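Next, two complexes with chain A in common: one pairs it with chain B, the other with chain C.
On to the complex of A and B.
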């Protein structure tokens, strides 16, 4: 499917893949399970999660930076992916625990008794024991993996079709997507939503069938999977945004009406990009939450999707590596500051605790980036390239 | 409470006796034996005499008598109240309450009336309390009757109506008497009349009385007996599940209890022999069918009770009737009560609808206040201000800070409103000058930059005021609610917010229509380039517009803070709804915002009405509805037409 010249025309893709590969090997060499142990398991997990955030960030970059749709709802798809995989993880793990405890009984349990016991175990916290309809496929990993792709894809397809068809654009569309993710998170907050209300799904770091495998090993496996997904996602998006398709998409961003007058079916392009990025966001979520261990509706509150836009804007829109840099830089910096890693600054009368002031700094620097450096951190690369070119 | 009792005691003690010829002690001495050893048959005489004596200490005495606090001195048979003092008892005179001496317990005998006597005393006591000169006691007696109505309260209550001096209490007594008559009047006609009288009243206690009359009991029987006042016959599968129906048959001894799944398991596990149950290997017992088969063979061998099959259970259910019958046997009474209750329910439903409308209006006015500032900035400048919610928060915190300095709540609110406007106006102008004016041609980036401001402001508020909610106390005259009847009530704060919303609506319409600033604003909205060439300075207009929008947000903050808590996140709670309001209503039009707020307010309350327990679901469905609504009217309810609509 790829034209032979694709990679040679997009040298940044090669650079990125090479960097990602080096990084993955480096982390592997320093991890507890596979290397020297310089990096703790929890830090490897943080890095793995960051890679997943980078993956959704490049999806956001494609939909916003390339296609001009400022979606403030992509974290909803991320969350759905996480819920879809979380349902299987939780079901399968509870099943193994329940079967073990029931096998001690004198009379062997019936299938129905096992299912009921699993239901009580999972839904006891919300005062129920029946499996809701949406858990119908929870016992099958294959089907749930399909859900990771299908549910965000279909949701984006329906939502996008409705929105683009009636020519909702600009800030209206942004608000509408924000409303979508708000509605979803409010819905999931209910106890009778079938996904355990505000308890969310937990214990996702325990992978069924790998009880004996230590978390240090599992973390490396997920780190590799996340790196692979990011690499493949990068390739896919680089391909989508290059060539004629990419030109049309960028044309839509710059002047939608003109592209439409040129005879292109703008809505189809937008719908394709919107749905594709939603699917990738779902996959990123499915890789993220087993590393995080828990997912609850607060994860998909509107604020999360706005942060996503912040990352992409700080990293630099319209260039995929910019999104990666922004997501990695801001999310790691964020956890460093809020985790108490940054030293407090004493001003004599007042001590600046970064746990309190980090968000103020982030907010203001975000304004500064928007005002003074609309190209973000990625813009620095332009300066480098221009210097080399002029030399 | 203690004070009231003391005052009452003082009154009892010092009041001159109306019939001074006798005091309580001598009256009681004339019935000495009947008081000291009361029986249900003879106590009536004493009670009648006490009632006709008109002595003021009577109620007190009856209470003490009933509560076994009355003692008799063995040597002379005189009665005393007592108070414990170490091992001794202090004697108190029953007329004056004064200490007359102390003595040991063996010289005294406690009077212990039996249950029947106590009941008789209690009903006589009601009569005294209902006629007590002290109004608080009378009220307490009426309330006590209202809490627990019994048949014997009816006569004393009716007797106590005519002499009631207080008009309110008299009405209350009459109302209570009607309720008692509905349940306990001796003749059916009197009850029917009382029930009819009740049907005009939608209060909760009236409904409770009628529901009490209509209490039903569930029965299972072979056929419907003729002596019961049957309310409804129950259809199995529709009104009750067959499981419940069978359980009723078991309760009525019409069927054997069924063997439960857990019983099967325990019987099976008790009968394992060499790894087999009735010849079946244990490991094969992992289906319900296999278990039942093994159990049946055990039952056939007599090792367990026989299992009743589904078909047999079904046959039993089909051969019996299930019905509800009224505990009240008189069919005319239940029919009348049902009719009255149905009428009341209808009126309650109408009142609910009215109440809901009021709620929706008040919610709409809150949304309107929160959104109108946004509508001004978004409509005139096409700029989306994500920090709008934080301006609301800023206004609310301004109110809180003002209250720290101005302790008078009324005055503090009067100061806070303009001050909140001033603070947020300044903040808005600063934001416009520093950030927004550089981004007029990049609307999406305005959205993001103002979002940056929003998180910075939110965190700043958290750093300054802490994470806990701060109170913004409303003046006392805004406390309480306007209660129209038992169903319709609306708090004064909500009315005040409604009034505030109307004031702001008029104010903004006035500014836009009648002032120079409004004219220039509308000009800039329609065509900034043309407006500029007419000598209007768009920069200045934009600045003032943004300040105005932000200032209104500040005032909305004070209003919202009055009924909700002030937190650093309160703005974020309203921002999405505010956007919805503006977008649904149609951008750039005050009336659009009003329409949007009204629609969203009514919609939310309407959905909540369908599912009252779940406000989260209401919000979810409302947002989904709005998403769909935008599909069909992308420009909102009130869409601008012509050139002003832009692209």
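On to the complex of A and C.
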């Protein structure tokens, strides 16, 4: 699929993959299950989740930084990926628990009884016991994995087709994507949405079939899977944004009408990029939520997608490593500040509690980056390279 | 000389204002044609109609040997049919190199998958170099287009059109903002391009039109006022009234 010499022409990709590889090995060597234990299991999970956020961030960078579509709804696709895998995780685990408890009964339970018992377990919390239609494939890991790709992909395809063919662009498109993620989130909040309303899906950290495996081991497995997904996603997007495709996509960002008059069907290109990035966002979500353990509709609130844009802007648009830096840096910093890690600052009359003031700081940095460093943190690399070159 | 493009009875109005009023126009292949007219004569709308940006309210736009209608075709389809357009303001992709700009314009498959798996060919590379040579940008191939002077951007855009290899080329005010030397070069380029294709040049600068030395169509209030050689149309009383009466 890749051109020979693709990697040799894109050295930054090699650098990124080497760094990611070293990081993965380093974390493995320090983790509880596989190394010295200097890193706690929960911290390994945080790092694994961060890698998933980096993956959706590079998707966001491709759709916004390269193609110029400021989508403020990509977290919806991330959430759908999480729900799709969460349905199987919850179903399969509940099934094993239910079968075990019913097997002690004198009369062996029928399949029908088992399914009913699973339904009661899962949906009792929203006062129901019937499986909604969307759970039809929940017993099959293969099919649910397919859903991780198909549902975000199809949703993006339909949404994008409607929006792009009507030539909705700029801020109107951003608003439309916000409306999409808001509508989805509100729908999922309802108890009869079939996905347990505001309770969401929980217990996702327990992987069916691996009951005996300690979380410390599972966390490393997911960390590796996330690193692999990020590496492959990075390669894929580096390929898409290089060569002639990259040229056309950046052309669409800078002057859509001109690209059209060159004979390119701009809408197809936008649809391709929008759908591809939505699928990758879905995959990132499917890896994220088993590490988080729970998914609920608040995860896909409009603000989540706005944070995503902020990460990419702070990291530097139009360069994949910039998105990775932005997502990793800001999300880790965010959990440090909001988790009470940052020491409060006493001003005498007033004490700054970072848990309250972090968002203000984030907002100010976003404004500062937009005004004074439009290339973001990634832009610093340009300065370094230029200095090397001038020497 | 066969008719390449024919507009007949075309009208379009915006909010009641008739921008184009029952306009009929023909151009053959090869041919060089200049279109002149005062501001608001409908020159830009005329080009918007041909390139599919504006849909006319009535009339026909027929294209090519089989006289197929261009109405209802999208801008990108019309561009692929072989109609290229150069805008008044040079519009090149400033963040990309001259080579990337030309490569994007180069005639070839335009579908997303073809482009994704596109490989550079020696033929494509040499075509890009030939075009760059023709517009005098060989030394600048690796530079970002944003660094070029205004005049060189104009040539890059003309080079992109050469690379696109259209059968009909629409050029909007190519001489605007150019030095006399650049104008002379541009006139040469346009005349050479018109040797094997149709070229329509929209211009207000009479001196420039005179140097093109071709048939002239005068537009006024969205319709053709006069057509013929420059001397013929400038002797026409209606044309004198429109130009001098303002």
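Convention: the second predicted complex is superposed on the first by the 391 of 391 C-alpha atoms of A that agree within 3 Å, B and C clash if a C-alpha of one lies under 4 Å from a C-alpha of the other, contacts with A are read in each partner's own complex, and residues count from 1 in each chain.
What we mean here is this: a contact is a pair of C-beta atoms (placed from the backbone, for glycine too) under 8 Å apart; a residue touches a chain by one contact, two chains touch by 3 or more.
It should be emphasised that the depicted structure is a prediction, and the values quoted were computed from it without experimental measurement.
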Clash or fit, chain B versus chain C on superposed chain A: fit
Inter-centroid angle chain B-chain A-chain C after superposition on A [Cα, multiple of 10°]: 100
Larger contact residue set on chain A - chain B or chain C: B
First (chain B), second (chain C), both or neither touched by A:359: first
Touched partner set for A:175, first chain B, second chain C, both or neither: first
Partner chain(s) touched by A:245 [first = chain B, second = chain C, both, neither]: second
Minimum C-alpha spacing, chains overlaid - chain B and chain C, in Å: 6
Set intersection of chain A contacts, chain C complex versus chain B complex: 257
In the complex with chain A, residue positions of chain B that touch it: 265, 268-269, 272, 282-283, 285-288, 291, 384, 435, 438-439, 442-445, 447-449, 451-460, 462-463, 572, 576, 579-580, 583, 614, 616-617, 619-620, 623-624, 626-628, 630-632, 634, 647
Of all residues in chain A, those that touch chain C in their complex: 1, 3, 240, 243-245, 247-248, 250-251, 254-255, 257-266, 268-269, 272
Complex contacts: residues of chain C adjacent to chain A: 51, 53, 74-77, 79-80, 84-85, 87, 91, 93-96, 100, 103-105, 110-112, 115-119, 160, 164
Sites on chain A touched by chain B in the complex: 70, 106-112, 159, 162-163, 165-168, 170-172, 174-176, 178-180, 182-183, 186-187, 189-190, 192, 257, 302-303, 306, 309-310, 313, 356-360, 362-367, 370-371, 374
